[in-house]
Every structure is written in C-alpha cells, then in structure tokens.
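Here the chain labels run A, B, C and D in written order, and each chain numbers its own residues starting at 1.
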Amino acid sequence: MKTKVFENAAAALFDLRDGISVMSGGFGLCGIPENSIQEIRRQGIRNIHAISNNIGNSGRGLAWLLKQKQICSATCSYVGGNPDLEQQMLAGEIDVTLVPQGTFSERIRAAGMGIRGFYTPAGYGTLVAEGKEAREFDLPCILELPLVADFAIIKAEKGDPFGNLWFKETARNFSPLMAMAGKITVVEVEQLVELGEIEPENVHLPGVFVQRIYQGVDYENVIEIPVLAED
Amino acid sequence: MKTKVFENAAAALFDLRDGISVMSGGFGLCGIPENSIQEIRRQGIRNIHAISNNIGNSGRGLAWLLKQKQICSATCSYVGGNPDLEQQMLAGEIDVTLVPQGTFSERIRAAGMGIRGFYTPAGYGTLVAEGKEAREFDLPCILELPLVADFAIIKAEKGDPFGNLWFKETARNFSPLMAMAGKITVVEVEQLVELGEIEPENVHLPGVFVQRIYQGVDYENVIEIPVLAED
Amino acid sequence: MSDQPNPWTNLEMVDEVIAMLADGSSLNLGIGIPTLVAQRIPASKNVWIHSENGVLGVSGRPTRETVSPTLINAGKETISVKPGASYFDSATSFGMIRGGHIDVCILGGMQVDTEGSLANWMIPGKKVTGMGGAMDLVHGAKKIIVMLTHFAKSGEVKLLHRCTLPLTGKNVVHRIITDYGIFSPMGETFRVEKLAPGVTRDLLGPEAGMWT
Amino acid sequence: MSDQPNPWTNLEMVDEVIAMLADGSSLNLGIGIPTLVAQRIPASKNVWIHSENGVLGVSGRPTRETVSPTLINAGKETISVKPGASYFDSATSFGMIRGGHIDVCILGGMQVDTEGSLANWMIPGKKVTGMGGAMDLVHGAKKIIVMLTHFAKSGEVKLLHRCTLPLTGKNVVHRIITDYGIFSPMGETFRVEKLAPGVTRDLLGPEAGMWT
C-alpha cells in the first residue's frame, strides 16, 4: 500500500533541486520546520525562491540557508530582526518582494483553494499597488494573485499517516495555508500519531493536502523574545 | 458587563423586521438553527431574503417560513427535495437565485473575510456566467462578489459566552462561514459551556464573529434520508 | 459471448471505474450510480472518499446504534467514517476540489460532448432542482469521470458532438463510462477506449464519424 | 498646572486611548507604545486582544513555568491567554481585521495627515524592515487609532497636511493621539478633540490653519 510516511527529512526531501520555490511555515521562529530546513542546508541546493513570512529570524530558520547563499529570491512581509537577510538585500545579492501580511496569507490560501485572484483594500494607494489593477468596490481595492510553490515545508505538533495535522497554540500561523498551496507538501511533526488519534472535528488540516510526513527530531523550539510576568 | 448571552430565541431575535436578509446554516436538515427559524415563524415577519443552501428540506427548516409565505427571495444552490419551494417557484411567488455550491460558500466566506471579489472557474461557460465579468487565468474564470446578510442564524453543538463555537461532524457545513458574513450573528447551541471549555486550538469559530448566543431547546434533529448498514 | 451486444450493468460500469482508480487516491462521488463505487471498492485500494458537505474519509453505512443526524453525505444520506476522517466547513471542502487536491471526481450526467462539456443539472421547461455542487466539482479534480447510460429512455444518444442542454461545465470531462463502453472526449470526436462485450462502433450512435 | 505646556507621558497617552474603548470590545495592538494598552487596561473592560499571528484573547505575560515557545504575539514576544481565547491560521486572522470584526486597531506611526493617511513602514534610503501586517491592519477595523509623539527628534511635526513618507494606507485613520493632544483627520484639517495640559493650538505645528 502506498504510504506518505518517510523515515526522516533526508528521505522525505529526496527530490529537491536547484531553482525550486519553497514555502516555509512559521512566524518568526514559532512553528518553523527545523528538520526540513536543516536538510536543505545539508543538501546545499541553490537558487531557492523562498516564500516565508520572515525568511528566518535571529540567524536561525531560513537564515541558515541565507548564510550559505542558497536563497536567490524571497517573498515575505517582514525582514526586521533578520540581519542575514538585510545584509544580502543591501548587497543586492537577493531579490526581496515585500507583501502585506494579510495579502500574503490570503494569496497562499487562494493558491491552495483554487481561487485565481481576489480584490483586497490592503495596499491601495501605496507602493504595493504599483502595477496592479485597481477597482472600486465599497473601498478601492487591488487585484492580488495566488502564491504557489514547488514545495511547502511545514511543522505540526501532531500528524497521522494520512497527513491530518494538529497545530499547537500560535504555531499554526501560515502552515496549514502553505500546506494547501505547495505542489509537494512535506510535513514534520513533534508526534506522529495513529490514524484516528486526532479527533475528526479537530483536524486543523485534512491529510489530502499533504504528500509526505515524517517524525522530526532534536527540536530546539527557540524563544526569540522571552518576556515574563516577573520581568 | 456587556453580555452576548440571551435567554432564548425570542430574546435574541428582538429586532427582526420585514424585508431583512437572513442567512441560515445547515445542509439539508443537518445543522439547521431550529429554534431561531421557529421564532421567525412565530414573529411572522415578511419579505425575508433567505440565503441558505437548501431553503429548507422535506417541509422542515426554512420550509416552515415558506409555508407561511414569509420568504420573498432565496439564494441557494439546490432546491430539490423541497416541494414547498418548488411550488412557490413555479407559481412565481418567490424569486430564486441559484448559485453553484462552492461559489456560494466562497462568496459567504469572502463577505466575512473582507474580500471584495474573487475569480473562480466554476460556472464559466454556463448560465451562471451570464452578465458576469470573465477573465482568463490558467482557466477561464468569472468574477464573483461577496454575499452578506443582515442576520445570520446558526446552530452549533457547543458555544461559550464569548461566542466561541464547536460543531459536530458534518453539521459544520456553511455555519461558521455565515457566522462571519452576518452583520448580526445569532447562535443557538446544544450546549452552552463555560469560557475555556472549548480548547483554544479546537475552536471552530472564534467568538469575535458572534453577536448573540443562546441555549436552544427541544431539538428534533431529524434524519432526512436514513440509510443503515443492515438495509 | 456471441455477436449479440451485451451492455454492462451498473455494477459492471462501477467495476470498470474502480479499475481506473489508483491506490490511496481521493475521490468525490456524485449522486446516483457513482455512489455505488463506495460500496464496491476493495479496502486494499485505501481510497479516501470526499463528500462536499464537509467530510473526507466516508466509509460504509452506519448501524442503528451508530447512526447520527449530523453525519451525512452530500446526498443527505446517513454515513459512517473511517479512522483518519476529518470534518471541515464548505469553503474548505470546495477548496479541496477547486484547488486540485481531489484526484478523481465521478459524476452522473444527462449529456456529454466531444469537447468534454457536461450537462447534468437542468432540462429547460422541466422542474429545476439547482446545480448544487456540480458546477464546482467539474473544475479542479485531477480527473473528471462521467458515468451515464449510453442512451436515454427516449432512445436518444447522450454522447453528442455538442450538448443541447444547459451546461454544467465546458471542457471539463476526462473520461466517460456508459453501459456501452469507455470513451475520451478528443475535441471533435470521442476516442473509444473500450467497448462492452458484443458492442460494435456502429451501435454507439447515429454519427459514425464521431467515434475514433 | 501653569501656562507651561505639559505634554502627556506615554502612559497618559495610553490612558487617553483606554478611555475611548468600550466594554467588551476587540482590539488589535501594534508594536511599540500601543502594546502598553494591554498592560494598563482594567479587567472590568473585558476587552479581547487580537494578535495577527493568530490569537484572540491575549492576556498578560507568562511565568517562567507557563512560558511556551509556540505562544507569542505579533511582536514575537511570549504571551499568555485568558479563558475563551482561540488560535487560528493567518488567513482567518487577517480576515477578522479585513472583514471588520475587530473594533479598534491601535497602531504606531511615523507620519499621519489631514486625509487620514498613515505612513509607518518605510523611510526611503534607510533600512527596510517590511510592512508586516500594517497595510492590512489599517483597512477593516471599525476604528483606527494612531499613537505617536507629536514631534520627531529632529523637531519636525509628524501631523501633516500630506504625508511625505511612503504610505501604509490612504484615508484610513479615525483618531490620532500624540503627547500634545487628540486629533481627528477631517480632509484638509485636523479637528482638535482634546489638548494635553497647557498645550495651546499655536504649539501644534507651523501651519496654523491646519487645526480646527
């Protein structure tokens, strides 16, 4: 019987190649697919088109790939807190497209849900609207198009062999949307559970969107800005 | 402190009036807001613009309002199995707009999510596309607009005083989308639970979309087409 | 088996469809003959059946003990689900289809033509039931299969050069299964993929040049 | 209190904002001064704080025991949540904003003008950080409040007839709180809603006709 379950990151990412587009889940360092990113670093593929809200943060996550100059272009909403990206932007070594975060998430959803374009007020009258079709509804809006990727790499708290996923707290962020938009979606999980262990009503992402899944290892789950009540 | 919790359907639906648009959740009779529909019947308001996948089925649900001639127009995807609606359609007593079901659900979501329009391939080259803007993407598509309503009436299995909802099995269908799209969303629940009783990760609809909530009573939960393994 | 045409029964049509399905694939089944697919498919194929009202992982029928008013398929019939099933809202459900995540969609039909256009929702002048999800289902699934009897009760062939009934979708069908055979719309003709026992090309319809 | 101008402190500005908030309202708080709102707001107001990375019901800070790497706000700081909180994906989170379900959005700013346009994401020639969610946040919330100091360190007033920096949103701001007062953009002028103690209109900026 055909299975989606792979042994580890290396097995699941067997067909990467130079020049692919890769969507990577996570907000800052929260919910990033650590194992898959490390595997991409290990393989050393180049000219990656990265689509991720932050393209790494604080020298971690996708910044591991930036340091090795594996990323040639980035689509994201926020580059602050990512000195590796800022440096390569200033040096003209990377082509960065900034997208408003709500438009970013909706464009990814649109790709996954087969919506070919949508009108949003976000960005109207700003640099973001340049070259885009504008149209008046109750507010003036601009036309935005779907954002797809060859691979989506995602991390979830729990996943089953069909690829049903459950995310913890705010680690969900862009991940289920990217899982919908990736042509090949590769998921790593903290816990690989049995079919049926995630209650059918509480599946956050149905497994039909997932092509490959594996049990991740050695998670660092770094807290970027710890602020505590006693501070 | 301001509360969203009402005593019953009559209390929660205190400001209905002739001519309002009403979205009603449910697929066939599965997940319909029985108490709210009965209250609208009791109040006898007229010229309702109903937005619901089926506008009742088998003489129940919104068909209770059809029988009293309370509905003047209907936006829906399927009228089969609803003799009351068919009869009023043939008699020219009700204005029915048929919308492909996926477009119907996406238009409702668009209204709730502030998307002003979207392109979908569904309906291209058919009667549905007449009078709509067509545009070529990877497939030819048509532009569809959001579908809003003055009131959304919704039923959920569990809800808390903030309006966080959890739906059972396939009773979810259009309900969370309509809750997003209604200007005033009134929810009835099988179980009104304490704040925090629905696990934060497993909230199907965050309470910010809900204006009023009440504990429903006397649910019939009729099965329309029971088919059993032993049959 | 003689020269006598021996068209397939509904169950034989269903078995022809099942033979086309890959292990582990995801399916949406339309109302009518297609629902029989769920009952005939061997467990070894491990298919995931989607119903557009918001469930993936439909299995057999419930028992008197497990039947639930909140667990139905798009035909509004009670169902049960298998381990790994999930429930979701209608926008996500149709997004699965529109976004190309369901491998195969099997629909009934009134007419289908050589351009791959399908008519299955409306006969002008007759009672209108609405298109339901059909117009969405024909866009997006990787493979659209239409199951229908080759001839209407009136004797008219349902596989045409151009549909005469209002369309459900234009250029959407990949494969057609009738009681007479399996066909693929090629633009101006149908390619004959397989014929039922004893069925010959001259039995397929009045327009001889339409079958290649 | 004398004739001497006595501009509000950050905390006094925050208290002015809190006075505008209705009981039970939902809020999105931008990075910077606005985050102080979360810490000063009385529990009796029962507000629901939204953070666009996917949480509604943000409360105070976590303790060393409860802190979680997967529970952060849009400023990437660790948070805790109150009973009734919920988590959701980013599309739903921004849909809450864009769809008009969040009552108030409180943002920081670099410049704001009499048309209600806001600039808060980019200074040409300086390091670019990206707009993050700011361009989405300014559309949809029922009320957009901008908190900023009245004058830049260079001495230039930040409330202008027309912004000179690249815009975050055009015609989007409803109310402005500076250390000098509270203002509403009226198209060609700012209506002065309230002034900090000792602040007079001639202290608000060089363009006298801009304050009505």
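By our rule, a contact is a pair of C-beta atoms (placed from the backbone, for glycine too) under 8 Å apart; a residue touches a chain by one contact, two chains touch by 3 or more.
Note that the coordinates shown come from a computational prediction; the quantities given were computed from them, not determined experimentally.
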Counting C-beta pairs in contact, which chain pair has more, B-C or B-D?
B-C
Separation of mean Cα positions, chain C and chain B [Å, integer]
28
Centre distance in Å when chain B and chain D are each reduced to the mean of their C-alpha atoms
36
Return the distance between the CA-based centres of chain C and chain D, expressed in whole Å.
55
Between chain A and chain B, what is the separation of their C-alpha centroids in Å?
33
For chain C, which residues are shared contacts with two or more other chains?
87-88, 91, 94-95, 97-98, 139-140
So which bits of chain A are touching at least two other chains?
106, 113-115, 120-121, 139, 167-169, 172, 200-201, 204
Make each chain a node and each touching pair an edge, then name the shape: line, ring, star, complete, other.
other
If I apply the definition of touch given earlier, which pairs of chains qualify?
A-B, A-C, A-D, B-C, B-D
What residues of chain A sit close enough to touch chain B in their complex?
106, 110, 113-121, 135, 137-139, 141, 166-169, 172, 199-202, 204
Which residues, counting only chain A, touch chain D once they are in their complex?
27-31, 53, 57, 76-81, 86, 89-90, 98, 100-106, 108-109, 120-128, 139, 157, 167-177, 204, 221-231
Residues of chain A touching chain C in the complex
1-2, 111-115, 160-162, 164, 180, 194-196, 198, 200-201, 203, 206-209
Any idea which chain D residues touch chain A in the complex?
51-55, 60-64, 67-72, 74-80, 87-91, 93-95, 97-98, 117, 122, 127-137, 139-140, 166-171
Write out the stretch or stretches of chain D touching chain B in their complex.
22-24, 26, 44, 46, 48, 50, 56-57, 81, 83-88, 91-92, 94-102, 139-140
